[in-house]
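Structure in structure tokens, see below.
Labels run A, B and C following the written order; every chain starts at residue 1.
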């Protein structure tokens, strides 16, 4: 068991180390997110009475689209360097590699969220940074990274690659996005988190369900 | 006779209807060095990938020290080191970081002594802090050898390790393998370069069309003897 | 040849059952007196819409189970089952979505509402399409089957969550449409309704059996072609 976590940590450490050095993933996600926010801002500027009304949708859609960029890189970089085989040679259950990559993607997306939240506060003038909202964002991002990481491993071994990932990912992710947007609406309207307990349960259930399924199926995605 | 270290029995592999390996039986004793020759598409790389547990056989079995890859691939990986034509290294990490990462994957205690010792022996100690992407192809391949030997595996699998190397670098790599590969290590190697392969090997296998067509010990065979055989099975045109 | 004979029987049974279902739905079943007069003819869509929706779920479930079996056994049979059911599922999902939309026009005066069921079927359609896009983007048959199986499992499991989330979402808005009243079965209508469900189920089994037969033939033809070109 200790070995297992050692490998999870090794993969995570390696991905963080490379990202800190190159900043490839963060830069592309952050620039994309900032552009998306800018475009949303103009799209809604004169069309609706109050821009803050669209913030929940803007927030989650921006995260979903920026996140899918970063998730795509998770296995494309391994594949193109030919280093994936090196990971698969490790004498450990291969799900450890999944969890390492998943945690790395999770952290990348969380960092991008930390970057866009203040931007939304500034652009749309809403008090977005509250503890319940951060909790929902964290839980939602876990599910996002859980499904996104294994789908990234699927997509990378196909001819379509980057194009395919969002097509595979978003329909499966829909309940998570709906729950996230719905809860964000409620929280911004001043409701408490307890009033959205069912949504919170749905998100947690989604996270656990798909982490378990990914754990069970990752082997089939990387073997030949 | 004692049990062979590697036993390949009735090995078949098909990708869809395309049959790459059509029933292969090979026993390899501990300590021997085997080169696997054959034309492109003969199934050399596929066979090596199955040995490395990266690929699953359609039928048949591979046993390492009596343990089947179907039963305990995880445990078997500990006994394997692999060098392939793609180096399995990260260009954005230094040599030192790459080795530290793989040491963790293999659960080799983070004993930097072994890492530094290996870096010395492959002649990269002075460049250990530099990013691997600044290395020449020959240096990368030397580091790949160090990476493969990190956990001191009894079996070394080499999949065309000399591809893309200039003759001088390839020569250096062969010397390195002979020197630190050690006589007790079992080596299975694919190559396109017959002469270089012979320097390392004590046994020659030739695969053609997914079948084993030639299997001979080298003692008594010279390059001159083998060349016509090689040309016959593999075809001329390869150097 | 025995299998083709039983297939012939199944084809006949399915055809007869569907004809009877059409008769029951359009002729035998009484006017739906429980809905307003203008939409009574349109109400008869229920006999095709609900069974189509039911079958698309059954098809997805078959794909799900076959996907799990494929991963466990590595037997190409289950891959054939999985994609055969998914192909048929696409047809019925389109039928369910379109018939739902046609019903919505006279009943709710709009072609489209974000009703939980209608929306869920649209998502199911997208999942099926993604499933086949994934298959289409992989050349090596073993990998194609494995990846599709993994995706089939994820996709199927997300459907109930999607349905639940859309329903919860809508309950927060004022309920424009009372879901219990929309398709209520009036007196004398249940025979036609349940027979239709039965007939569609037979039709699904029949289509699946035929599709699987064709898939095996495709395999055989490809193997023969391979053997011919090899020599």
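To be clear about the criterion, a contact is a pair of C-beta atoms (placed from the backbone, for glycine too) under 8 Å apart; a residue touches a chain by one contact, two chains touch by 3 or more.
All figures in this text were calculated on a predicted structure; none of them were measured in a lab.
Undergrad: Where each step is a move between two chains that touch, what is the least number of such steps from subunit B to subunit C?
TA: 1
Undergrad: I'd like the most central chain, judged by C-alpha centroids against the all-protein C-alpha centroid.
TA: Chain closest to the assembly's C-alpha mean: A.
Undergrad: With chain centres defined as C-alpha means, what is the inter-centre distance between subunit B and subunit C in Å?
TA: 51
Undergrad: In angstrom, rounded to a whole number, how far apart do the mean CA points of subunit A and subunit B lie?
TA: 38
Undergrad: Indicate the whole-number Å distance between the mean C-alpha point of subunit A and the mean C-alpha point of subunit C.
TA: 32
Undergrad: In subunit C, which residues are in touch with two or more of the other chains?
TA: Answer for subunit C, listing residues that touch two or more other chains: 142.
Undergrad: Two-or-more-chain contact residues of subunit A, please, as numbers and ranges.
TA: 223-224, in rising order.
Undergrad: Which positions of subunit B touch subunit A when the two form their complex?
TA: Against subunit A, the touching part of subunit B is residues 49, 52-56, 74-78, 80, 82, 84, 86-93, 97, 101-102, 104-107, 131, 147.
Undergrad: Taking the touch rule as given, give the residues of subunit A at its contact with subunit C in the complex, in rising order.
TA: 147, 150-151, 154, 157-160, 164, 167-168, 171-175, 178-179, 182, 198-199, 202, 205-206, 209-210, 213, 217, 220-221, 223-224
Undergrad: Mind listing the subunit B positions that touch subunit C in their complex?
TA: Those residues of subunit B that touch subunit C are 15-17.
Undergrad: Can you list the residues on subunit A that touch subunit B in the complex?
TA: 3, 6-7, 9-11, 13-14, 17-18, 21-22, 81-83, 85-93, 223-224
Undergrad: Show which residues of subunit C lie in contact with subunit A when the two form their complex.
TA: It comes out as residues 71, 123, 126-127, 129-130, 133-134, 137-139, 142-143, 146-147, 149-151, 153-155, 157-158, 161-162, 164-166, 168-169, 172.
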